[in-house]
């Protein structure tokens, strides 16, 4: 059978990224102080395509991903997977990203009851200009209570669910646990959110948030301070969004930064 | 050209609904105390298909919808549009639904500044068993403040954005304005939400919500009382969902009911 | 601490459904010819609330769900879980639904390569009028190739991805495997879809679809015939949607039916 | 009332972007060869925040947006709106984006019937380093028919709906019509998609796509060639995604480029 993808292209355009998107597959994740677990993930992968070729071979992405998924290799070790994709497709660069659902057992603050909380996380590996980089992403739901509303109102203060999305790139020889990164972020909000709260917990969470008012700007700045405490982080993108309880729109803040190695 | 759709089907199965979905088109809407306006809408339409026919003629839905959209006929008058679709497709029953974005100018409670609020609304017409019925739907964002959290906490109370979704069917000779239905629903929550709030408004809204705590169950019951005050309503479906600020999940309540004419 | 939820309500309105929604938690699933596996799921649960009570106790839903999730009880055995929720909340009726991501290894048609395909599935248990009912839901992506386009065109025929969504309720003493239900549905389309297809497979799939043209009406009717072959099915809801490749909207067909026991 | 936002911040962190997100409001759009029209839009706006200030004043964004919406100023003229936001908030940089639904009347290829097609479009203005830039975005649904599938199969070829997303930045003194940009993109696919197609049109569209097979890579390259023909374009981001009819995942290609002025 003729291989159309391999036919010569005359348009003279090298393509930066071509590949597959939203490929659902099981992924094995290393957990802090627990055995590894298998999670649902959605993969997006791409390579560069030289100007002389008409198309890439999409099925090879799936072949590598499937083989790699079958071997139960860890999500955090995607360097080899990406390398294999790039080799099989004879490309000079490429990237791969897994978005996945990750459960962490969480204890309520007073009754100490434990229930699972689910976090949207991601691993991304990129290979450009002969350099491999790894990125870890987490989306953390928290409570924010408005300092202005508290200050000007006789009683109460509006508060709401917010999502803090953080993507970090760190040194290859370092390791950062998802569990630790999430805990750091949660400590920067007016309060954590929980799956299971009994009445004593609800009292605690309500009062803790009231005593700890935060704008979306405050959460952003406090998370940045936490990031700067980790010397292995080389860059980050941080996005905080509050689904305002008094509006039908959101308040948001964003920061990105490269941090040179000292 | 052969008309495959018209060929005889031997499977003996009459189909209840077959048609088109998510057809975006402009729709003209009658506004209370304002001139008509054109809005973005998404139409879904279907007819029944007799057991002897292989398929319906999908393009005829679009022909009727386009002709009807061009004549700037009002969304609320979809009876004729549905009748025409049913005739053109030689069907015995059918239905049509428009989901649309609707702006209402809203005044902030203290500073009296006016800004547009957008509501997701819908018109639906159904024709089954020789009977036409019209349904009006609105989705109304509001604030709910938790009565339990207020009661047990020394200060503050968790609150959040909630969505109240109401679909009503009312007598053919009656008319209910979207504007009025939304106002009724908003009056049942801890507070309205607004696009534009200055500091004096924010103080008012915060304190009003604090003095007016409501469970999702309270909002549901209060909206039901409002519904029962309108003698022209023959049935409703009511769904309230609170995007809890202390959890990463929702609290919800649902009720549906037929109300016989007295 | 005062239990506000337990306070007396004077509005005289019994609520049909009140509960929690979109609670993410791990769920154990029984697989055909494989060991059980743990999947990501999203639970929605509700009970009825008598007219005399102001509110339900939302945290009890999470307590039961967490305990049940920790015991690795099977998703298909949700009868006890629902019973416990109803008892703990002193309700007369209730329901619970888990939506989950389910992987099945699938072999490509010619090269016989195996890769995982992910399906959106659901288990639902309801308890109304002293009767328990179980529902199984699957969403199956398939290819549909248009019979009209094939007939009237000299070459080719438009085809597209379609989703067949089927919910069935069957007798309590019967068991239907997800794997079997999906295979039945896939056999009713122009072709299956796959994660991994090499060129020989792509040739097969393309030609198979071309030789097997199906309207959305055809898929619906053929799935209904498959359903009727299973004497244990007591009711179904079937929805087929084609994301048309020549339009920016969908074609769809829907059928629901109760099937009395013979 | 105290202005908490204005209080001094000691953390020493200047924020790059802080503002409002998903504010729905009506927007006036200039159309090619037609009168202006009002569309539904969703605005996201932000400014920078100096390190000395605790927070921005979120309500001022809405004030400027509302005033500007009331004056029926054109979406394409957002320079003044952004300037006013930046001044009112005493910031040094900022940006604003409107995403909106835009209808264009489209003629079917053979029967010449006209019906509205809806496109997701966006206007974005940014002001960084004392320089204003304007970006126009369009998302265009098209058909792609697989060249490989056509070549290796005896009959037919798989095809599907694809979305081409293009964002361009062009010289301030130039103007590019949405209508023209969309037409250029549609000409690069295997076929346009349409709202209304009669049988003669369906035959044409099917055969045209079959005679015009395109990988996602081909569409990307052909759109790039079209972009390069416009000397006023200074940069672009181009994303093509095919919702494969034989898979449950997508194929995609991406390119971005700065084009220096000659």
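Each chain carries a letter (A, B, C and D) given by its place in the written order, and its residues are counted from 1.
Heads up, the rule we're going with is that a residue touches a chain if its C-beta (ideal position, glycine included) is under 8 Å from a C-beta of that chain, and two chains touch if they have at least 3 such contacts.
The structure displayed is predicted, hence computed values, not measured ones.
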item	value
Shortest contact path, subunit A to subunit C, counted in steps	1
Given subunit C and subunit D, the chains that contact each of them	A, B
Contact-pair overlap exceeding half with A-C, pair selected from C-D, A-D or B-D	B-D
From subunit A, the most remote chain by mean C-alpha position	B
Distance from subunit C to subunit B - Cα centre to Cα centre, in angstrom	26
Chain centre separation (subunit B, subunit D; CA means) in Å	29
Averaged-CA centre spacing for the pair subunit B and subunit A, given as whole angstrom	35
Where subunit D touches two or more other chains at once, by residue number	1, 3, 23-24, 117-118, 148, 152, 195, 197, 199, 203, 248-249
Subunit D residues within the subunit C interface of the complex	117-118, 141, 143, 145-146, 148-150, 152-161, 191, 193-195, 197, 199, 202-203, 205-207, 209-211, 243-249
Residues of subunit C touching subunit A in the complex	1, 3, 23-26, 37-40, 59, 62-63, 66, 69, 101, 103, 113-118, 195-200, 203
For the subunit D and subunit A complex, residues of the former touching the latter	1-5, 9, 11, 13, 15-24, 44, 46, 49, 54-56, 58, 147-148, 151-152, 215-218, 220-222, 224-225, 241, 248-256
